Amino acid sequence: MIIIMERNATKVQIQRVIDLLKDNGFEVRCNVGNIHTVIDAIGDKTTVTPGRIAALDGVKEVKVIREPFRLASRDRKPEDTVIEFPNGVKIGGNNKPVAMVGPCSVENDYAGLLRVAVAAKEMGCEFLRGGAFKPRTSPYDFQGYGEKALRYLKRAGEETGLLTVSEIMDASDLPMMLDYVDVLQIGARNVQNFKLLQAVGRCSKPVILKRGLASTIREFLLAAEHIMYQGNSKVILCERGIRSFDSAFTRNVMDIASIPVIKKYSHLPIIVDPSHGTGQRYLIEPMAKAGLVVGADGVMIEVHHDPENALSDGKQSLSIPMFKDIMARINTFNNRLHYEKTCLSANVK
Amino acid sequence: MIIIMERNATKVQIQRVIDLLKDNGFEVRCNVGNIHTVIDAIGDKTTVTPGRIAALDGVKEVKVIREPFRLASRDRKPEDTVIEFPNGVKIGGNNKPVAMVGPCSVENDYAGLLRVAVAAKEMGCEFLRGGAFKPRTSPYDFQGYGEKALRYLKRAGEETGLLTVSEIMDASDLPMMLDYVDVLQIGARNVQNFKLLQAVGRCSKPVILKRGLASTIREFLLAAEHIMYQGNSKVILCERGIRSFDSAFTRNVMDIASIPVIKKYSHLPIIVDPSHGTGQRYLIEPMAKAGLVVGADGVMIEVHHDPENALSDGKQSLSIPMFKDIMARINTFNNRLHYEKTCLSANVK
Amino acid sequence: MIIIMERNATKVQIQRVIDLLKDNGFEVRCNVGNIHTVIDAIGDKTTVTPGRIAALDGVKEVKVIREPFRLASRDRKPEDTVIEFPNGVKIGGNNKPVAMVGPCSVENDYAGLLRVAVAAKEMGCEFLRGGAFKPRTSPYDFQGYGEKALRYLKRAGEETGLLTVSEIMDASDLPMMLDYVDVLQIGARNVQNFKLLQAVGRCSKPVILKRGLASTIREFLLAAEHIMYQGNSKVILCERGIRSFDSAFTRNVMDIASIPVIKKYSHLPIIVDPSHGTGQRYLIEPMAKAGLVVGADGVMIEVHHDPENALSDGKQSLSIPMFKDIMARINTFNNRLHYEKTCLSANVK
Amino acid sequence: MIIIMERNATKVQIQRVIDLLKDNGFEVRCNVGNIHTVIDAIGDKTTVTPGRIAALDGVKEVKVIREPFRLASRDRKPEDTVIEFPNGVKIGGNNKPVAMVGPCSVENDYAGLLRVAVAAKEMGCEFLRGGAFKPRTSPYDFQGYGEKALRYLKRAGEETGLLTVSEIMDASDLPMMLDYVDVLQIGARNVQNFKLLQAVGRCSKPVILKRGLASTIREFLLAAEHIMYQGNSKVILCERGIRSFDSAFTRNVMDIASIPVIKKYSHLPIIVDPSHGTGQRYLIEPMAKAGLVVGADGVMIEVHHDPENALSDGKQSLSIPMFKDIMARINTFNNRLHYEKTCLSANVK
């Protein structure tokens, strides 16, 4: 790390920093400028944290050079992480991007859910998603049907051969959820619910981790690190829009560039969710394609058998006919991108 | 609510909205403009939610007029909520603003904690705060000493006569925490951890709820509503800064105006935390005063017996001598504000 | 417009609003709810502005239903605006997206500029861009070579047959700039420099208007409206990233979804600038494609003959070999998108 | 500056950076870490700019240690800048904070303006402010009465003995404005209109510079630097709120902490504008006091003789009776703060 001292730092203050670092095994070089003194320190930051140095008198700023995520970092593991499911579906690397579709909430209507699942299967999608526990801003909104919803989801998955995804909101629900779903999802509002991250980190089920509304890319990767640090390295990131100053036309601003940025700095797969990212049906197709063209490993799209009567997120859900229409075009686009990418990588070899 | 139809909405679409509303007992008036049709609907939004109307074809926007928080709203309860503790300390209303001080984390040094507590008592503060479970962005940072820290906190509270505050991170810790602390705190990162909000909502202990980094004021009050909806109305809000585009000189931007805004729309007490709000020692005194002058019911300040060796947040913690110096001036300021406020309200009567 | 009265608005206050509206020729309907009174008013908002109503006692909020931009609105002009240049190049509508490339600043090296121009022509680009007047955050940074740079730009344009684009920073430079460039550009920092918008609005030269760092989509379209209101309807919008809370990996966050949003609400063409939008060379290709796939009418890319010695924006500029490599792939992508779009629209007919 | 090389930077790339720096007279030290190489360079950044180094291959990041503003920096000039007017009024340093009041726009009603001016004088204010040229988001809004407004403003200033303030929007208006006003104002939307900054920098009239909606503190001080660099050091900064994700209850978020931050890093005076900062009458008094308590050198408040009929910003303008009421309390507060500050500094001496 680099320690920049205040302009008026005293010799005693500077020496205090150097001593503390040296006492903890750091290699230290001190550069006295005509305005600021700068100290370069190389060593193990778990013995003396940057925060502790920053608290010393006379220190203006501590700059850590190495990215703080380690297990999630491509420096540690240059090759892409690929997550493989028992049925052969793979996410990440050079595999064809996947599609995860389904209703925001699984409702009290199994037939409706099955209709969505059948359409998803028909369009070549790999995953059925649906909420059982819903994080809702207001306590007066529908909170989900809980275990019953999970039963429906599992059954629809089994009938169609789709893998299932559902959100976990509390660590205590983990044993139950493991019985029902193939992929756990952690929602944007829980991206820094560290107890929950740790809990899913202790199981071996793949986890979709959604970016928080105010997560920086670094914080997002550190949230993945919390999961991986407990032993579970099957983390699938999901870009779903961040909060900005303009919400007149879209719920959030989708940070499409975060996908290639994360691909550069991390080996984890990342998917894109244009339904939550925009909150608008007419933007789902273009923004799904934008995510795919920059390298996303999959798309997540909300589909409901009857959006007008959906108990949540109807406004941004596609009806089944709309979905088929849009998904057909996304598939064509996706196939061509995938063909080029794999041919290209084959040619390069 | 007001429903604004798309410019090209058809008569059938308009009628569909009207019928759905009328079927659910709404009183409906339809105003056909030369561009947009606007429908005013008065009725019970739990039967037909605004989101469901928004999902109908031809609807451009649904505007809800009434604020979505109810129990937290001053409309429902015009008088200020006052939270009273067994030892007679009161927060809210016309009571003198309180002070909550202590280290970010309770560390493995009871003597150090006690020194802070004694100084806090000496300066007239009412609460000792200290973390036992620490939400940390990185898994490599210190995560807190858990129950041992709570034991220390309780003991220091008992020795000095201070009430105690500590953060809860997981619903499963609730029974244990109830044994040790007088006030539960929910941190900024958990402001939309609804399971945790519900859990503390089912106990009767006062709860400090910190504003999230990206919480709007409305969402912040809805988070309080989640707690109150479960039966616990002893919620103390805490403004501690929001995320902005500039973090070069301060960690967050303190939204000081949110204090009088919340006072206008809600009856709940609200305190201010300049330590987390700015992350800079030199800003603690001015920003504490800024919070008090606009009506905050208390201040929360990080104090450590040895900030240079603190395991977390040393940079923004005050040492004991600094704290005494600053707190003396805050007390003078606070006393005068309180005197004027109570004299004024006495004169008005 | 819709006027929502405060919960405790008096009858006199309500009547005052109604009278003012009626006196100014508005058709008014008043809906008395059990909490709020809502007034619908249909009429000419230039006689009584929403702001004036908002200032009346007892008014909580005034909601304007119709978008405030008019000339820029697709409601007024459903067909896409196409801007045609004397050499036959067209921007907008179903025309193939264009490419505008060149250095951030035109430097004191005509040969270098010409090399970029020749490469641009070779790759099929239509426009050569280069700055003569540079808006720089610091007065100590290079401010541009002024008229000399414009002379170079024009000459390179003429030698290669490329159209030229350069930024105008002050209305007093307009007459001179009209002699040298085919397209005027207004930079992000001047998006609400209304005097400059009005000045370019009074000429007939096409204008590229860049979105401001903190412009909402509505404000961005109103900035275009300022130009159009003066008579110049040849406005080309440009998405170039907005300011967010995370600038660790990219300078700005590109709001890719703004492109299809603007296409829905406005008939104006819009291009995408991934160089400024991300500030990173490795993101230019993916983000250019992301912009094109959602419907952008062109891309703007910074290319320098010697980025390591560029006087500005070297970090985000492509060298000529990099540019040729990337542009070839963008061209292939662009051609296919264009082919599909035009075939599709032909088939639909 | 500190240059951090990419993890995989080659020896040739590292040497290239070192050579370029040394060739330009920098003193260079190179620290080879086990992951990143870090180069410390001390020298004159006008010969090799940080941006040029950043463009070199293999460079990850260039960190400039010294703040980029120089003339505005307290490092260069430790004592506070005090701006003195011919009538003896002073802004900055230990002088009592001033008050600038008046209508958003000067309207076609001299008597009304005079009533505001008389009230301002009566309440001890020093400045009359009023707009002649109005920057308006929409071209359909009132744009100001121009020179006629300036004539009224000057006359009202002369009749009451108040100094006058008005906004300049275009450099070409400067000669005329110098005849009419005592202080020029540059609005938030023009904070990076560098041509205008340079123009006012070449005159000797005091300038109020408002912070932009998306200006970082560093950019704000660099905008001041543009003015000072041209020779005019009479710059008065103004905090008036920044753009955030929440505009439901306030127009902007006032960054109150920016005031003590700027006081620490710059010697320039800074005032606070709660009218624009919040857009709400009920927040003017508390936010004015919050600004003063953290060290603002003055307040700017919108007052209109008839807010209900104001042509702009009526919603946030105070009527004359409201103003007198609020100003009396602000004066009391201000006097006490000033008394303490000056006594304190006297005692310290």
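A, B, C and D label the chains in the order they appear, each numbered from 1.
Just so we're on the same page, contacts are C-beta pairs under 8 Å (C-beta built on N, C-alpha and C of every residue); 3 or more make two chains touch, one makes a residue touch a chain.
The structure presented is a predicted model; accordingly, all values stated were derived computationally and were not measured.
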Would you mind telling me which chain pair, A-C or B-C, is linked by more contacting C-beta pairs?
A-C
Average the CA atoms of each chain to get its centre, and name the chain whose centre is farthest from that of chain A.
D
Centre-of-Cα separation between chain B and chain A, whole angstrom
27
Please report how many Å separate the Cα centroid of chain A from that of chain C, as a whole number.
31
I'd like the Å distance between the centres of chain B and chain C, where a centre is the mean of that chain's Cα atoms.
40
Would you pick out the residues of chain A that each touch at least 2 other chains?
214, 243-245
Of all residues in chain B, those that touch chain D in their complex
214, 216-218, 242, 244-246, 248-250, 253-261, 264-265, 277-278, 282-283, 286-287, 289-290, 293-295, 333
Touching residues on chain A, where the partner in the complex is chain B
45-46, 49, 51-52, 54-57, 68-70, 135-142, 169-172, 189-190, 192-196, 212-214, 219, 222, 225-226, 229, 243, 307-315, 317
Contacts from chain D onto chain A in the complex sit at residues 2, 4, 7, 29, 31, 33-36, 38, 40, 42, 63, 65-66, 75, 243-245, 247
